[in-house]
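The following pair of complexes shares a single chain, chain A, combined with chain B in the former and chain C in the latter.
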Partner chain A sequence: MRNVWAVAANTFREAVRDRVLYNLVFFALLMIGAAVLVGQISIGIEQSVIVSLGLTAISVIGIFIAIFIGVGLVSKEMDKRTLYALLAKPLERWQFLAGKFVGLAMTLAVNTGAMTVGLYLALWSVKHPLTSNDWYLLAAVYLILLKLVLIVALAMLFSCFTSPFLAILFTAGIYVAGLFAGELRTMQAVDLSPSAMAVFRGVSYLLPNFENFNVMGVVAHARPVPLALVWQGTLYAAVYSLVVLVGAAMVFSRRNLK
Partner chain B sequence: MKRNPIRGLLLALVVVAGLGCVWQLQKRIDGIQKATATQADNLTIRSGRLLKYMSLEYSPLVAAMYWTRAVQYYGEKHRLHDSNLELLWPLLDVTTTIDPHLLPAYRFGAIFLGQKKPAGAGEPERAIELLQRGIRENPGEWRLYQDLGNLYYLDLRDYAKASTAFAEGSKNPQSYVWMKIMAAKIAAEGESPETSYFLWQQIYETSKDPAIKKNAEEHLILLTATLDMKAIDQAAEQFERQSGRRAARIGELVEAGFLRSVPKDPEGYPYVLGESGKAELNLKSPLLEKMLLAK
Partner chain C sequence: MPQPAIEIEGLSKEYPHGFLNLKKRKSLEDLTMQVEPGEVFGFLGPNGAGKSTTIKLLMRLIFPTSGAARILGKSIDDVSVHQQVGYLPEQPYFYDYLTAAEVLDYFARFHRLTAADRHARVQAVLKKVGLETAKKIQLRKYSKGMLQRVGLAQAILHDPEVVVLDEPMSGLDPLGRREVRDIILELKKQGRTVLFSTHILADAEMLCDRVGVIVGGKLRGVGTPGEMVGIQAQGMEILFEAGTTGKPCPMLEKATKTGERYRVQLPEAELYMCLDELKAAGARILSVTQIKPTLEEFFMNLVDADRAQANAVEVSGK
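Here is the complex of A and B:
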């Protein structure tokens, strides 16, 4: 466990020192600031715009960080050949992967937290005092964070057996497909046979369903987020991430690094 | 390498002068484009469902953008006194398909659509379709029934349906008690200036759009004059009952103690009694033309 934590702490430090990361946070804060402006040129949707634009910024920027840095976690270490020095120490390959995963998850949590503070400040600027319904935003942000953690796990899995470019494509593809997992299940196609429909149905359950973490439409209209959705989403993200990371560890442990 | 300060200054001057030239050139190009531009309304994607898919999980933001576009479109057309609002319905349709819970799009969109030209698109049937969609998607929002009732009452003058809409909305325990009163009053009386005044006042107080607010204010001014004249007529009837003759001028009603002073319309012009003995607007009052147009 100590090994995992050591790698995680180093990954976190490295990511925080990364200038690109700071720029992205600045961009997020800028977008949230822009939300205040957009709210002024429309009618009756100031809060809705601020919340949806803010959450979109948190989500999109988080996805960029999760995919691009997530893919680079393993490949960069291999390219710079620092991985060999690390693995020469008493460090298992799975511990290296787990540490990298935890480190980036921590980075994402810090980034998301900073952006959330910015979002609340923007919201407060047009509406004070905040009402109890405004705290549902935290549930939305938390669910976005869960989604990002799952994306990091997927990015790491793909980066374990393919090039960074393909890993980025695969992760982005799975993310988009995962948004339509529900649609795949309910899809009505005249030309498809029942067996093909069953296959689609099965795939729809196996794909990571990213819609599980989407409550933007709910909180944008200051509606409550069901608590069951939050804890079941947490469980879903935890189990799915674990499965993906176990798969990544299996691939990585068999990979010939020579 | 030794730095040359004069060269640096010259380069800075070139940059500043260049930016100045660009600024001026852009202003000229804008002028040419403005003179040659043709007013073309355009909405590339009209399928709300397609846009919903394309917006991935960010549909609330896309819907907010489309709603903002609808508001800007309506505002711009209003500013240019252009009554052709052909894109308004597609914009509202797309907005509410992407986000069926965006209440302002139903509430204000129905006003934009329902009002007569040039204030609105003059499409009350579309406005009703929009509100009914809103009610289907948001059955707990009693304000949508209020808007539907307003539309039937103020724009379509269908008092039976207006009363039904207010009655349906009043079933929601969160609705205000006047919804029930409106339902009963409209069912019993049909159109009355008091009811119209109350409904326009509600629109004025709840609307944030300057154009809608101004329109409501104009209606309220006309209705104030109508209610004033109704009160003068009542005083004139009392005068006739007491004295056995019609009053020839409002001053007589004041002298007899039925009115405290000669009432003035919202524009400050005193009302007059017409040949029939009924109160009328002063011929000099600018409200006269507005009142005739409204009728």
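Here is the complex of A and C:
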């Protein structure tokens, strides 16, 4: 565990020093602009607009970080050959992967946390005092974070066996496909044979269902998020990420470095 | 008999290439050798000979197609063996957002040292490799030679029993090379085992108890540096200045003139007769040396032999 933590702490430090958290400036400007504009043009739906815009920005910025930095976690170390000295230490390859994963998850948590504070400030500026229902926003942010963690795991898996460019494409592709996983399950296509439908259904269950983490519509209207949904999302993200990371570790453990 | 520090048995490495990776290229072929405890062992060979491949296999950065290796009696697959091994990669590169002290502290964390121990060791090795004054500068601002020193520092940071250095002199200025040589000699003095790869004969002759010569992925021999390249003296060379007595000197016709000096090469059997002639002509003898093949010549002979063999196979295949 010490080894995993050492790699994780260094990954977090790398993100900070490489100015990954500078995206917060962009988010802050977006929220300030939104708060000023919304106050002037939308009467009665300020909360809905601010929350929707804020959660979308948290999600989109997070997805970019999760995919691009997630892919680079392993591939950059291989390309720059910083891994050579590191893997010659008493460090298992799976520990390296786990540390990288935890490090980026920590970065995303800090980043998402800071953006959430900004979102609450923007919300407070258009509507104060905040009510108890506004705290449901935290559940939505938490579920977004789970989604990001799952994307990091996928990005790491792909970067273990393919080029960074393809890994980005695959991760983004799986993310987009995963948004429609639920619809694939319930799809009724009259033109398809039963066997083809079975294949579609099977694929839909293999794909990560990212809709599990989307409660934006609910919290935008200050409605409560069922606790069961939060637990279900947590369990789903944990199991899916674990399976993906085990796969990544199996591939990486036999990978020849250049 | 003590257990070898490094044991390599039939180690081979093939890389797939070509369409659908169907073809195989051998990078290392059936390598078997041992490095004894406390020995400085030089792994010699031209570029692409298989030196780095062997070292990467030992460090489990790549995996063998066949064969096995042990360090201090433990399989290289056992990650715990790395508690006792230090490794300097060829042309090392480290996290450029860290300072030298930070990167060393990071690496030290994998060796289960306390914070106080880590700090003490980091300071000590930084001093040893001459980076004490640059320890707070981010590595992105380091020169190649400075990075090489960081690499060396992290390799010896945890006081390992076995130190494996891949081209440790690469990128260093004469002073840096001298310092690396001193560190290797100090490690030897402390009873550590050092395996290092190089293509510079002078380094090997100066430092190594034994060398292994590898060309084209095959080990061509193991022995002392003298045995490997100097076993067959090619003759003698005399460096002299012509006499002022005015007596004729037949040697001048055979000699090559450089400035005021003459150089003549001859079989060892003719040495004393030639010296007598020069003495009689009043010549001033500056040096008499044995002509040995250089490592480059040694390598070139082996490479030429390989090429000749490959051509023969190709021709017979046609």
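Note that in this section the second predicted complex is superposed on the first by the 241 of 258 C-alpha atoms of A that agree within 3 Å, B and C clash if a C-alpha of one lies under 4 Å from a C-alpha of the other, contacts with A are read in each partner's own complex, and residues count from 1 in each chain.
Note that in this section a contact is a pair of C-beta atoms (placed from the backbone, for glycine too) under 8 Å apart; a residue touches a chain by one contact, two chains touch by 3 or more.
What you are looking at is a predicted structure, and each value in this text was computed from that prediction instead of being measured.
With both complexes brought onto chain A, simultaneous placement of chain B and chain C is permitted, the two fitting side by side without a clash.
Look at A:Ala6: by the touch rule set out above, it reaches chain C but stays clear of chain B.
After the chain A superposition, the centres of chain B and chain C are separated by 150° when viewed from the C-alpha centre of chain A, nearest 10. Contact with chain B, but none with chain C, is seen for A:Phe210 once the two complexes are overlaid on the shared chain.
Of the two partner chains, neither chain B nor chain C is touched by A:His128. Once chain A of one complex is fitted onto chain A of the other, the partner contacts of A:Leu179 are limited to chain B, with no touch recorded for chain C.
When both complexes are overlaid on chain A, the residue A:Ser52 reaches chain B alone and has no touch with chain C. The superposed arrangement places chain B and chain C with a least CA-CA distance of 24 Å. Overlap of the chain B and chain C interfaces on chain A: none, as no residue is touched by both. Per the touch definition, chain A reaches chain B in the complex via residues 38, 41-45, 48-49, 51-53, 56, 59-60, 176, 179-180, 210-211, 214, 216-217, 220-221, 223.
Those residues of chain A that touch chain C in the complex are listed here as 2-3, 6, 10, 13-14, 17-18, 80-92, 254, 256-257.
Taken in their complex, chain B has these residues touching chain A: 53, 56-61, 64, 67-68, 71-72, 99, 101-104, 107-108, 208-209. Note for the complex: chain C touches chain A at residues 56, 59-63, 79-80, 82-83, 85, 87-89, 91-95, 97-98, 106-107, 109-112, 151, 154-155.
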